[in-house]
Amino acid sequence: MPDPVAVIGLGNMGLPIAANLLAAGFPLVVYNRTEERARPLVTKGAALARSPAEAGGRARIVFTMVADDLALDAVVGGERGLLAGLTPGGIHVGMSTVEPATSRRLADAHRAHGSHYVAAPVFGRPETAEQGKLYVIAAGPAAALEAARPALQVLSRGIAHVGDDPGQANLVKLTGNFLLLVMLEALGEAFAFVEKAGLDRLAVLDTLNGALFTSPVYHANGERMCRGAFRPAGFQMALGLKDVRLILRTADRLGVPMPAASLAHDHLLSAVARGNGDLDWTAVSEVLREAAGLTPAWARLGSPSAT
Amino acid sequence: MPDPVAVIGLGNMGLPIAANLLAAGFPLVVYNRTEERARPLVTKGAALARSPAEAGGRARIVFTMVADDLALDAVVGGERGLLAGLTPGGIHVGMSTVEPATSRRLADAHRAHGSHYVAAPVFGRPETAEQGKLYVIAAGPAAALEAARPALQVLSRGIAHVGDDPGQANLVKLTGNFLLLVMLEALGEAFAFVEKAGLDRLAVLDTLNGALFTSPVYHANGERMCRGAFRPAGFQMALGLKDVRLILRTADRLGVPMPAASLAHDHLLSAVARGNGDLDWTAVSEVLREAAGLTPAWARLGSPSAT
Amino acid sequence: MPDPVAVIGLGNMGLPIAANLLAAGFPLVVYNRTEERARPLVTKGAALARSPAEAGGRARIVFTMVADDLALDAVVGGERGLLAGLTPGGIHVGMSTVEPATSRRLADAHRAHGSHYVAAPVFGRPETAEQGKLYVIAAGPAAALEAARPALQVLSRGIAHVGDDPGQANLVKLTGNFLLLVMLEALGEAFAFVEKAGLDRLAVLDTLNGALFTSPVYHANGERMCRGAFRPAGFQMALGLKDVRLILRTADRLGVPMPAASLAHDHLLSAVARGNGDLDWTAVSEVLREAAGLTPAWARLGSPSAT
Amino acid sequence: MPDPVAVIGLGNMGLPIAANLLAAGFPLVVYNRTEERARPLVTKGAALARSPAEAGGRARIVFTMVADDLALDAVVGGERGLLAGLTPGGIHVGMSTVEPATSRRLADAHRAHGSHYVAAPVFGRPETAEQGKLYVIAAGPAAALEAARPALQVLSRGIAHVGDDPGQANLVKLTGNFLLLVMLEALGEAFAFVEKAGLDRLAVLDTLNGALFTSPVYHANGERMCRGAFRPAGFQMALGLKDVRLILRTADRLGVPMPAASLAHDHLLSAVARGNGDLDWTAVSEVLREAAGLTPAWARLGSPSAT
């Protein structure tokens, strides 16, 4: 039987991850701030921890999937935190999208504690997590990653090991989100352009994706924009805004101007400022449609900005 | 034996297009401003026309592949121009990337003349043209396109018929170039970001393209940037600048702000203003590397700006 | 008695200019496409010309104040145009804001004709024109400017002679409009910032203008924004958009990226695309307020976009 | 004799401020991290404190003028910090440009301590401080400001009281720096434009400032750009970058997109990334000149980027 694993953070992503580990036969310990969310897993055999420390004490490998840098720090530190319970030699696999600097800080703390930190942020939406088809960008000590690999393989269709310094995984993950975000900005501008020219947006997308990109990611996001299928969100605008803030902050520290990131930031910020933070991030198209004098779809979706 | 076809404009794209038509057995008439360029085709059996009018008089289907809107107007109008020689019922297939408004003007002129205009701009670089693997975006009267299809099939791996109004093909083509250009901008910013963070750019590209886009276009352009393989150009920065000007002008008329296009415009303009217009347009990455305090590759390529 | 002068173009600016010349005792010939507009001047003693050519034939100095480059070309050329009537040695003073290239073309045409061209675009709104307090930016042959100076002094509080090449006056004028436009953009962003922070916009403006700029232009435009006094316009957004297009086109030719001009262009374009082109250009503040989640004033002004 | 005052932080701004207070007859206590800087003041009669706490214990009104938010927090907190020594009823006047949130935090700490916090950031360069001609933007409890007014009057040509919440003064100060920064961006773009058009930059500045802004701030900064007088700096690019970061962070929290601030940020960041952080912030013009293909002045100034 495999070693027990723990999952801390049972949100839209953490819950299917935990469920898949359980279904694959891993003895599972779970922790969530509101215990409610853990109920269905406990019913199926997972053990419930009352604190991150307890979760750390009962598993050799602990996955965390929490909202942001602050939440991650909160789960790790303090007297009820993961580090307080994790046995030396234990492995913490941080799957949240956070700043590289946060990962480096955590890696130091684990080193001092005699445990290991692997950053392993993922690409994929909740449905992808359910299907066990996430894509894992991992960085950290090779041995620790190897120990975690069997569990990660259950969750994913691919695992890239991008370096020994955990912060590198976050950098690569942020870079990926940046490329996606600029793709959304480009599609949004392109769609406003062809729509005002009287062309069918989806037909243009199919033509151009066929002629050029042949990318399922262009197709899926472009189609979502054209259909205006912004609710429920696969990835919320508010989360996209969080990520572009991390990108801009990291770029600022590195001394790299990223004007396309600033552009995308401003459009997400505007959408969120107008009460649309819960829509899918493809709805950035509506900011661009409105700028072109078209009626944004959120006026029809009944979000707060429309009242 | 198929009807004779003519090709006007034997530049980097027109020459391989004409050669492929000839090799496929089409009786071929060619015209180029400087006759030199036509020599190898004439050796292989093409007939040389002394004016666009003459080319139009000797072929039922005439392809034009010239530099820009001005050159296209010049080839069509005037007493030695295509329209002066083309027989009623003849078909003009314009393959240049021009403004939609230019195509509409030409379509009107052809209609008045009793001939037909099909806009058929293509995606692909000179190598792609040589391989007969262009992608054709066509718009115009269906019957005229059908008549031209056998020849277009020789040149291409795909033909999309996007509408009856020829201007629509140019719109779709410009939209495609816009999406490509923003992809280049995004890759350029992303690469400056990961380079300053100490990561290997090509490895990050491979990881992210594998995890997300799975697009040969991301791969090929990103790799070119990483290798600094900017000369000889597949597609020159100066031509990219020409196209983004067409995009911005068309968007301005349509009332569509396209800030990502303005961003890309400014970076191409800066590269061209510094004497790098002959480099491949992927060299936009060097504008972004320089902005981040890295040394641009063109300092090594010995372009005018480096002297 | 002074030489007769002519004014061609009796719009919001041309009419008060003509009226002031008449009031100052200049024998006046006027021409306007719709004669209606000339009526009040004729009543007061102005002679009515039936064509620009006739106006040119009856005056030694001819002022033109028309909408744009196209209108200026139309007034000058053709068989009823100014050049057809202007006597050799005559002086054409072009006061419209046009591209430098247009002025250079006109200067050549006048040289060939034996007449002189002075570009003399002005700063000031219709009220300023009424008060005879425009500011003239003039370029062209010194002798021609001297001949026109007595008339220009009636109209203005200052005349700057910026060069012999008429295009230079247009360049300086466009530069001034660019600086104004970026000031409006900056004020608009600043006001959205302080408004959302709960501060009084006008008080902040007064404080900062007092502490820093001490500029009546900051005060007047900022106050207009704060009061939402966008109709009637002093200078319409649609005209501001025209000017920023000239700036961007000229900058593009010169090889100068001007990202702040692109930014302002996009915001004006968006306002115009949404039906607000007739508002004063200070209403660019409303594009920025809306982006920040505030309700733009044009929703209250009953412009087309609000219906 | 007036109450004793203290000055903490004897940098380029703090030193002349302290000197002026001493010269005006205020009994003065000074503290600086490196005591060296205090020497000339001590020679003239100032008392030297060995810690912020000691300075706070010996004066009723304490001015702080330190580098940034972090330095301000460091000076106030901790066992040797200002709050540890300041007597109840004491007044802390914070003159640094910091985030509004920092001021609010300090105000809370003072309230809890029984003392008062006034935020009083200033406009002006070191020379202006020497001349006692700063402009003070103050916010905080009216009584505390009144107590500090006699000292502030020695330092300044104007004092604006913008609110009771100290954060408001920082907001207004940041807004002012934003307007200045966008003015610099606009002047820089305009100068590249006219320089490439062959005009004399300074002459154009004089003409346009005379015709439009009539602002000494436009004149002084524009002239500095034209002369390339970037060293020694009046206000360093690195400090401008710090301030635009505060602006963007505050705007992000408020939900206000500020694209012109992002633009200026990117240009300052680029200059700093290339080793020019110690130049005067008007040198942002050189980023824009270089983008237009002109040789930036820093290549002549021998800064690190030129090696």
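The letters A, B, C and D name the chains in turn, as written, and every chain counts its residues from 1.
The working rule: contacts are C-beta pairs under 8 Å (C-beta built on N, C-alpha and C of every residue); 3 or more make two chains touch, one makes a residue touch a chain.
Since this is a predicted model, take the numbers as computed values, not measurements.
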Discussion item. Counting hops between chains that touch, how far apart are chain A and chain C?
Written reply: 1
Response to the item:
One copy, chain A, sits on the other, chain D, after a C-alpha rotation whose size in degrees, in steps of 5, is 180
Fill in: Contact-richer chain pair [A-B vs B-C]
A-B
Discussion item. Measuring centre to centre with CA averages, how many angstrom lie between chain B and chain C?
Written reply: 39
Item to complete: Would you kindly tell me how far, in whole Å, the mean C-alpha position of chain D lies from that of chain B?
Response: 52
Worksheet entry | chain B residues counted as touching two or more neighbouring chains | 255-259, 263, 266, 270, 273, 291-293
Practice prompt. Over in the complex, which chain C residues touch chain A? Could you list them?
Written response: 266, 270, 273-275, 291-293, 305
Response to the item:
Interface with chain B, chain A side, in the complex: residues 100, 123, 135, 137, 158, 160, 162-163, 168, 171-172, 175-176, 178-180, 182-183, 185-187, 189-190, 192-194, 196-197, 199, 203-204, 207-208, 210-218, 247, 250-251, 254-261, 263, 288, 291-293
Worksheet, complete the sentence: chain B partner, complex, touching residues on chain C are 245, 252, 255-259, 262-263, 265-267, 269-270, 272-273
